[in-house]
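Read from first to last, the chains carry the letters A, B, C and D; within each, the first residue is number 1.
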Amino acid sequence: MVFDAVTFGLFLASAIRLAAPILLASLGELVSERTGVLNIGLEGLMLFAAFGAVLGLQLTGVPYAGVLMGGLWGIGAAAVLAITVAVLRADQIVVGIGFNILALGLTSLLRELSLDPAYLVPSLRAVSMLRLPYLSDIPVVGRALFSQSPILYAGVVIAVMLWAVIRYTRLGLVIRSVGEGAGAADAAGISVTAVRFSAILFTGLLAGIAGAYLTLVASGGIFVDNITGGRGYLAVAVVIFGRWNPILVMLASVLFGCADALQYQGQAIGLSISPPLLLMSPFLLALIAWVLLGKSNAGPSEIGIPFLRGQK
Amino acid sequence: MRSRPFVELTAVSKSFVPGHPVLEDITLAFRRGEIHAVLGENGAGKSTLLNILFGMHQPDMGGILLDGRQVVHRSPADAISNRIGMVHQHFKLVASFTVAENLRLAAPATIRKTLRNDADIARIADDFGLPVDPSTIVSSLPLSLQQRVEILKALINRAELILFDEPTTILNPAEIDAFYGVLTQIATEGRAVVVVTHHLEEVLDHAQHVSVIRRGKLISSAPVGNRKRSDLVREIVGKDIDLTAPLEREGGAEGPIELRLENIDVAPTQSSSGLRGASLTLRSGEVVGVAGVEGNGQRELFEVLAGLRKPDSGTVEARHAHKDGRAFAGLVPEDRHHEGLVLDLPVSINLLLNKIGQTPYAKRGRLIHSRINAAAEHMRTQSDVRTRSIHVTPRTLSGGNQQKIVLARAMNEDAPVVIVYQPTRGLDVAASEDVLKKLRLAANAGKAVLIISSNLDEIIRISDRIVVLFAGRTVGEVTSTTSREDIGDLMTGGRQTRTEHRS
Amino acid sequence: MNSIFSPRASSVIARTRQSISAVTANNAFLVLSAFASSIAIGLFILSFLGVAPQLAFAVMFDGAFGSQRAIADTLVFMTPRLLTALAALVALRCGFFNLGAEGQLQLGAIGAVLPATILPASLGYMLLPISIVCGSLFGAVWGLIPAVLKLWRGADEIIVTLMMNFIAIYLVKYLVQGPLQPPDSDFNMSAKITDGAALPILLSGTRLHAGVVLAGVVALAVWFMLYHTTFGVRLRAAGLSPRAARLQGMPLSQLILSSMMISGGIAGIGGAVEVLGVQYRLIDGFSSNLGFDGLAIALLGSLEPLGSVIVAIYFGAINSGTLALQSALSIPAALAQIMASLPIIFLACIHGYRFLKGRPLWSSTR
Amino acid sequence: QEKGEVAALFTGAITQGNWDPPGYAAFDKMAKKYGFKPSFIEHATYEKAPALLRQLASRGVKMIICHSSGYSAAIQEVAKEFPDTQFVLYSYAASTGDLKNYTAWSVNWDEYGYVQGAIAAAASKSKHIAIISGEEIPSAKRTHEYTLRGAKALVPDIQMDAVFTGSFTDVAKAKEVATGVILRGADILLPSSDLADAGIQQAADEEGAHTIGAYMDQSASYPNAIITSTVLNFDKSYDEMGELMTEGKLGGTIYQETLANNGWTLSKPFKHVDAKVETAVFALMDKLAKGEMKPD
């Protein structure tokens, strides 16, 4: 089988769909990290929201209500992280690890208590794709780029907006200052706690929408245990990989999507590479690229460090 | 009758640890148009006092009056909106931001409009008499300019009371004069200024009012008038110390050359001139002072001497060297918190950090704790480090006591050379005196001591020979009898080609 | 120079260290209450599910400590977690944020299973030490990679070690699906190890294997190394204050390399022990997050070997206790995850809050 | 409950997917029928299996049923320590390692694969089918192979894409992969990735392709996509376990579950396809059942 234009189009579409939840989650994570909070709990946030979204769908039957619920669950779960990390100054990595395990257990328990047994959930076209007129008729890449879920388009818009906000607005200045010099921001009268708290909530919102995308768009309204399957960790890596820049983060998530898509397309067209090796490839690729890119990978200087007023 | 105070502290008490008050019943008034100096030993509570005013800490008892009205500062934001600004000892600037971004960050909404573009900011800075390039990244500015940004922050915020915590420790004499010029200007415009310092001359020369705190208690608060230095010292320390007596010099016999630098070059950086053909020699039994304005290669000189970096060219010869080629020397770095000490390891380990793997403290890679403890205990008594035990961490000690540990370690070194860099920065009068005495005694006992400092007075008091570092060059070598003015001239390149630009 | 040490690593060590430096009755009480309240919440959820809390607690306690077999189970669950905790601890104490214990453990398992399945059975009991050493070497090499990348390219260790975890997991998957899978296999796993390579069972009728002794010895060795050797002091000094350590002539790069080698080696032993003492083969998914458990244990144990032993026992007990709950009352496994995660979060909050309130006395090292 | 206690281990949850729930239902039915006290363990990962088996056995559980082939290593390790407990495995086992207290019900996956391949090939209009599995485990690899043989038996020039997604739970990836193969031309999909099958069914539904349900009749869940479902006769197998246990006849045997002994079958009638597909497939099954033909 040759890798012709049609295959390429399919491949690209697939890559973008696979990238979408990573993109949304990593954009959320980016905001946290820009304020100095390393949110390893992203995986857990996505998982909670993925569950919440399906619950919302089950309760209302309206797909977009499910998306909304996902976002709200994301915010709610993030509030727990925000209280521990931003208010109580708990260690971000430790809490993140604990939070992810908690999410795994709690969502599984909640699923048993509240969701219809998943094998009975009918196939739902939960959130349908939006086919942009004219643009989606462009040969080769048209369908790939312009016949995607509205949520993905929202993600792209958010990426550009975040870029502009961080770079050009007062809010961006405040966010960056908290991540680059929390003590200085505090002395300038900015509440580090409040900024980090809200940033984590924002992360929760986007991680929530990412989780909702995963269940409502990518899985058609089904929640199974551990449905995020490590995407949250991947999104954390993508933020660092994209150097805390929303645009680069967007490209990085598409890159990961490509690697992901390649492995399935590769199998389908009979590439005789062992699947685990293909599955490994995005990580290997990212690692190599990361090493080659080299030194200038310093993120926001306060990242991972709880703020204490008067600290030297 | 004098004007009514702008800000008052009423019976403020504060303790971090129950039962150990840091401030007790402090009542103080800060008036407009006045520079108000606050003096006290290390750990007396000066910074805590300022921090309470600025909302960084909350008092346990007592409160703050603003124009006679009770106010509560829960956070710096409250203080800022009450027109109080603070320039911290360790600047509160976002190092990776530009000057403009830092100013915009701090400015309240109403003022922010006027700071939209860099040109406006530059103009405003000029108007205040504090010119600075708004587009520079703060971390690439010399400390004196960073401080200027801090002052601008307060002024742009229309602060009426500006608090300074040890502002002059990072300035050279010329800069200090200019700094007080600015303060006087600020005060005469009707603002109140508070300055914490350890340098009494500054107080006598520039302040109108002086308060002394000792161990958390207010000892005095009165106009400077014609009070004398010795009065202040007595109030600060609780006893008399003569700070002008020359340090006794013994011997003076020329010992062998321990250390020789020749034609050392180190590439310049944004904040420093690097070194350009710097040369000096150091003999045992003498103290050599390296005078100079910070940023003229001091950092690089210390790093080369300490073996932290290789010079781009030139030779370093040491009579005694480690296996890896570093000169065998006791080192007192500039930053005691990050370079001098491991703040969270016990005092005992810190005292012996340089020898920890050597006999008799270790045998085949294994530590011998009894010997370490015995030696550390001995050093502690010898150096009078005031700590509960050698097993506590230095983090809990006062700056003076921390410095004693660093110094004790450097001296304990069997090394014939001691290299100290800004050894008294931030130390109170008594502690500084103590450090200088120890260094002089070491030289008298035959060590070779090199002191790099921007504090000309202490250099003059302690040194046998003085080398001036300017723009990375060692310009001229003088004796301690040379006048202060002449050395100052050298430090600013006066005798060199006058056209050469200060870095 | 400073860049090879992450400020966050220094900050984490400093905070964690300082909070233990003032262990008081009050502090111990808080730690205990974190565990107790986690168990209480778990029991509350159970009562919500219709299981009487007293019964559930009895079953759980019985499953964790009630019999020889129960204690053995607890210790068997504790063993690999203690080893990964020690691995994380050694790296962190040197200022290297090693999130890669998971990957190093996977490599250790590979390293152990190779000699244990390939070398001739005639080697007899020599196979055991060979396999353990080989596992530990594999882990050490895997641990060295991020250290080398950091020193050579300045690559951030958090991301490198995270990525390498995934790579290691897929490597194991690849091996047990292909090269190491014997022809007639029912599942993705290697051949069974040769008898001589198996860790001896200490208590017949239980699965308590000699790995637990090994883990204990490693804990003791790490403690000894940290507090009684020159290397240990240097490592701690470098971790807390690299600049001060360097000024005293300590070879920072060498310290990082050695500590990561030791760290990886210990995690590797963890993997070897799982293979040689529990699974007797390399099996896909044999590690259910042992690496991350280890990191959490190390941090909750205040980066102290003894503290880690205590917290690891709790983790072991929660695992065996909830397993008993599952097998006796068919309670969902999710509960185990909930009860293991809550103390992590609670304890982190307690640490953090004490930091915020400035008790014990300290400010950050930054 | 004087008959004693029986227990079952599941890799996932008994309320999720199409493998554990029908297995649990059969187990529960069996226990009730024969008067055993049933208990079960969900999410019994292979790592923890030895400990769980020991706990159950030492508690005096009479029969422990493991509902996945991956437990066989754990059984072989533990069974010898507990001669009084019967260990049973459902799914696939190559050998019981000479253990007298280890019995397996092994589905003839070769036959299973062969038939589903045949259905797909017969139903495919584009002569392009696909099988999508989760983890690449030995039984799945073997199934792929026999599926292709079955397909070729009916349509020699059939094209088959075979993909492993690497996960039994990642619905999104399975759906993505399924969408990919459909767009590349496959019109019949064979889901065999457990929980993730849901994604494949949806993809087929959305893109207008067809599928075969796996292990149980799933046509109610995905009426637009499913032609027919393979139905494992869990009830029969579990009932045999109960019966043999009660009679004390368990031990050491591997029971093959085949078409011939009604170990599994297909749901009828076929939908979305010509009647002749159904006829052809059932004719083939008949031959297989009668032994007139071998799946290779």
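Just so we're on the same page, contacts are C-beta pairs under 8 Å (C-beta built on N, C-alpha and C of every residue); 3 or more make two chains touch, one makes a residue touch a chain.
It should be emphasised that the depicted structure is a prediction, and the values quoted were computed from it without experimental measurement.
For the pairs A-C and B-C, the count of C-beta pairs in contact is higher at A-C.
Distance from the centre of chain D peaks at B, each centre being the average of the chain's Cα atoms. The geometric centre of chain A is 28 Å away from that of chain C, both derived from CA atoms.
Inter-chain centre distance (chain B to chain C, centres taken as mean C-alpha positions): 44 Å. One finds 76 Å separating the Cα centroids of chain B and chain D. Remark: chain C and chain D have CA centroids separated by 36 Å (rounded to whole angstrom). Counting partner chains per residue, chain C has residues 173, 177, 332-334, 358, 363 touching two or more of them. Looking at chain B, residues 337 sit in touch with two or more other chains. Shown for chain D are the residues that touch two or more other chains, namely 13, 43, 136, 166. Per the contact rule defined earlier, chains pair up in contact as A-B, A-C, A-D, B-C, C-D. Residue ranges on chain D touching chain A, taken from their complex, read 12-13, 15-18, 21, 43, 130, 136, 161-167, 169-173, 175-177, 179-181, 183-184, 195-196, 198-199, 201-202, 205-206, 218, 221-222, 224-225.
Chain C makes touch with chain D in their complex at residues 63, 69, 73, 76-77, 173, 177, 181, 184-189, 192, 205-207, 274, 278-281, 283-288, 319-320, 323-324, 326-330, 332-334. The residues of chain A lying in touch with chain D in their complex are 7, 10, 14, 17-18, 21, 108, 111-112, 117-123, 125, 214-215, 218-220, 222, 224-227, 229, 260-261, 264-265, 267-270, 274-276, 279.
Per the touch definition, chain D reaches chain C in the complex via residues 7, 13, 39-48, 50-52, 54-56, 58-59, 69-70, 72-73, 77, 81, 92-95, 135-139, 166. Of all the residues in chain B, the ones that touch chain A in their complex are 51, 54, 56-57, 75-77, 80-81, 86, 88, 90-97, 101-102, 104-106, 108, 112, 153, 337.
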